[in-house]
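Residue numbering begins at 1 within each chain, and the chains themselves are lettered A, B, C and D in the order written.
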Amino acid sequence: MLRASIAIAAALLLPLSFAHAEGPNLQDPKVKALVDELVVANHILYNQGVVDGFGHISARSPLDSTHFFMSRSVAPSAVTAADIMEFDADGAVVGGDQRAPYAERFIHSEIYKARGDVTSVVHGHSPSVIPYGVSHVPLRPVFHMSGFLGKGTPIFEIRDAAGAEPDTDMLVKTPRLGTGLAQALGKSSVVLMRGHGFTAVAYSVPVAVFRAVYTDQNARIESEALKLGRPQFLSEEEAMNAQTSMEKLSVRSWEMWKVQAASAK
Amino acid sequence: MLRASIAIAAALLLPLSFAHAEGPNLQDPKVKALVDELVVANHILYNQGVVDGFGHISARSPLDSTHFFMSRSVAPSAVTAADIMEFDADGAVVGGDQRAPYAERFIHSEIYKARGDVTSVVHGHSPSVIPYGVSHVPLRPVFHMSGFLGKGTPIFEIRDAAGAEPDTDMLVKTPRLGTGLAQALGKSSVVLMRGHGFTAVAYSVPVAVFRAVYTDQNARIESEALKLGRPQFLSEEEAMNAQTSMEKLSVRSWEMWKVQAASAK
Amino acid sequence: MLRASIAIAAALLLPLSFAHAEGPNLQDPKVKALVDELVVANHILYNQGVVDGFGHISARSPLDSTHFFMSRSVAPSAVTAADIMEFDADGAVVGGDQRAPYAERFIHSEIYKARGDVTSVVHGHSPSVIPYGVSHVPLRPVFHMSGFLGKGTPIFEIRDAAGAEPDTDMLVKTPRLGTGLAQALGKSSVVLMRGHGFTAVAYSVPVAVFRAVYTDQNARIESEALKLGRPQFLSEEEAMNAQTSMEKLSVRSWEMWKVQAASAK
Amino acid sequence: MLRASIAIAAALLLPLSFAHAEGPNLQDPKVKALVDELVVANHILYNQGVVDGFGHISARSPLDSTHFFMSRSVAPSAVTAADIMEFDADGAVVGGDQRAPYAERFIHSEIYKARGDVTSVVHGHSPSVIPYGVSHVPLRPVFHMSGFLGKGTPIFEIRDAAGAEPDTDMLVKTPRLGTGLAQALGKSSVVLMRGHGFTAVAYSVPVAVFRAVYTDQNARIESEALKLGRPQFLSEEEAMNAQTSMEKLSVRSWEMWKVQAASAK
């Protein structure tokens, strides 16, 4: 109710240019569609347990490929279109938007800079994935849904990127740390972050969400398979082939998760 | 609402023959009953965690025992009677239906061909079951609910069936691979698929669902029992006797799961 | 709707004596109260994951201490007061009631016969508990909520009770097998059943439910504690003292579970 | 309905002084705000699985720093503002309130006495945490969300505090046992209680809830990481830095959990 009142007040009192200043230009249909997709993605990631009160997803701007869109600092389950902000290539807020951004926006800015093929980045703290970032057991594709893990799941050691003061607060909250993370990611689709979580990247918002969800599921399955002993993983070619086939079908998961997330409210 | 409008429009505008062309003949009471059972089965399998956005269940046609019914390519949770298609003995779409079928329909066609006693086939990717397909620890009946596992749970190695190019995308999407899967299944009720999932078969839709759900539950229990050490499984005779007794009562589970799936919507 | 119609029809058409013949005499306030408690208990046990489509709870009759009440053969989540039947000391149906009883009613009849202190019996198949019935690791009280496990958790080996034909269907469906189970239980509160599940007993319906729920929880905690290594269990005296203290407070859990079960519908 | 009727009757019939006698003075805005926060905290802790029918959270009084507020003896999920009672420095009920308090209020009173920096105390029995209290594997910060564990997670052995009769009922229901617990806690944020559960403390209700939830999540992650082998924990400095950063953001979790708990009703 309060939120609605504020929204109405804003619509009546603020000139349009200022409204635009507070986030992406929703008048543009491509921007509007992408922002709506980001909102759904936030709710799906929460509903699927990839994020809780923390974690975020961004998308590269369709109007300026050096920019990206991401929510202001708020719990993913609560994100609405009005919460989406625009950032430039260095992770700086665009257009005089005064709202608080996520401290870890440099995860996103530095990956977009390093990886021209990436248009969406998910960062989360799935409990099942974290053990693989703090041990020496590699996370590997155990079934066809996670063929995208076949390119490797390197671990980002924040101490290595932190320089002279290696004891950080574990957050990637400077461009330097973001660069280190992007370097660790390399050409992979997923990078594990020691003592923190993971980041998954893709060429679309739905595929980034798909990879984040199945990274989590692969971790759970692999952990149980390791207890049985010596699991057989997909071969490199199997992983590549499975990735191609399954990601073509990922819209099926997206549509289902969208319905689930909406009905869970 | 939109879906309903489309349905009404279809009812008004399309000649009956064309409507029939798009799937099984719902005018036939036996077909209608089986299609309704398949729809419920899809929702139960989703609600019980046997399938997510992927996975499928089919049933042999009561009118032509070489044919079978299965949903078009859509998430199981979303399946309605209008989504059910009819396939022939080779997994080809019947009646000029232009909708996209599941790529893995050859799992079903080849099992129906090889196993005259089977009238329903479930294929899923339960996270608890996958470890048993990638390790060398057999999945065995650990309690009376899963006596049907007593006939063995062979592993289908897709590389063996793939021939000259063993690195597939892990999907059973050719008749040749389907034949290999049916051979691996043999006379068992469940076949594990390496790096992929499992397939359960039965003499009715409810019993196929029952076996799929308890395959998953047996896997979870066995994994914990193995950690305690040296679990005692059912003897061959115990498994056979328990299967006979419990499957007579499986309608009790079916009715409960049906209510659960409906109320979860 | 149908159910309601049948109930109304029954109320109008059937003589009262016949209505009584179909189950306990609900005209008696003590019987009515106990039957209502049994219905709630069925829903709680389902909601807490102790039973699924199978499993049952009974209570000793307040009018004839050799008799007991239990639902007809139906999923616990669906039980209503009209489903409760009355059984005699040998597990035979009382009063010409023609409905199908649970095959395993001899679990209950034989325990009531052997244990005068027991007024309620729960039988379930919690996935967490089953591993302790098929391994040689004892289920022991790992925290104050499960002090009732301090009297031991013997395993019932159905082969030992089955006599000349040891390969049963794992179900306790004869008086002989029930007697064997009651002997295995001895003076304990919980007996594990190899390859099947467990049975918990108590001096009231709410405490029987309490013990069943915390048997399950203790099993889950102990399994994780065993993986950490050499857990310290409650001493015999601690278990006894904790049981006395916590069971006095068990009504608090009962009231909470009752609300949860009702709101989960 | 009954509850409402009683509340109305109370409002009409009882003099204000007596109403005040039954709990904190809700006329005071600071007291009212804190009591409302405690109610929300109870529901969040239940919804997040930190407490079930048992467990409690308290807050230091803003009017008298030797006093604290906590619910009467009722399941956390059911707590309302009317259930909150006031206790003095020794855990005695204030103001002639005749309602039954939690037996374990001395956990709270003795910690408030020993730790001037603590204004909120949570006590729970999370199944994931209990194994760390009965084994010799330390619970340590495995990711940035649980930096507060960096100060150590000592184990309270109730036998050591119990004196001449070491076999207790495991409950901290005397001032002497509470003193022992507070001593074991020392300067840490979390103390594990052997065979019982854990207690988390903080400088605000939302942060105490945050620490309780992430103590549970850390335990689950660490247990899986230990199975992979030799997990790398946060360094002492990383833990301290992460704690500072994340606890500033803990309101984000609080707001999200509040919405979740409210919608779960």
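Things worth noting here:
FYI, a residue touches a chain if its C-beta (ideal position, glycine included) is under 8 Å from a C-beta of that chain, and two chains touch if they have at least 3 such contacts.
Predicted, not measured: the structure shown is a model, and the values here were computed from it.
Any chain touching chain A that also touches chain B would appear here, but none does.
Although chain B and chain C share one sequence, what matters here is the overlap of their interface residues, and that overlap falls short of half of the numbers used.
Centroid distances built from C-alpha atoms place A farthest away from chain C. A straight line joining the Cα centres of chain A and chain C is 48 Å long.
Centre-to-centre spacing of chain A and chain D amounts to 34 Å, using the average Cα coordinate of each chain. Looking at chain D, residues 227 sit in touch with two or more other chains. Inter-chain contacts occur between A-B, A-D, B-C, C-D.
Taken together, the chain D residues at the contact with chain A in this complex read 141-145, 147, 217, 220-221, 224-225, 227-235, 237-238, 241-242, 244-246, 249, 252-253, 255-257, 259-260, 263.
In the complex of the two chains, the chain D residues touching chain C come out as 52-54, 73-75, 77-78, 103, 125, 127-128, 130-132, 134-137, 167-171, 194-197, 223, 226-227, 265.
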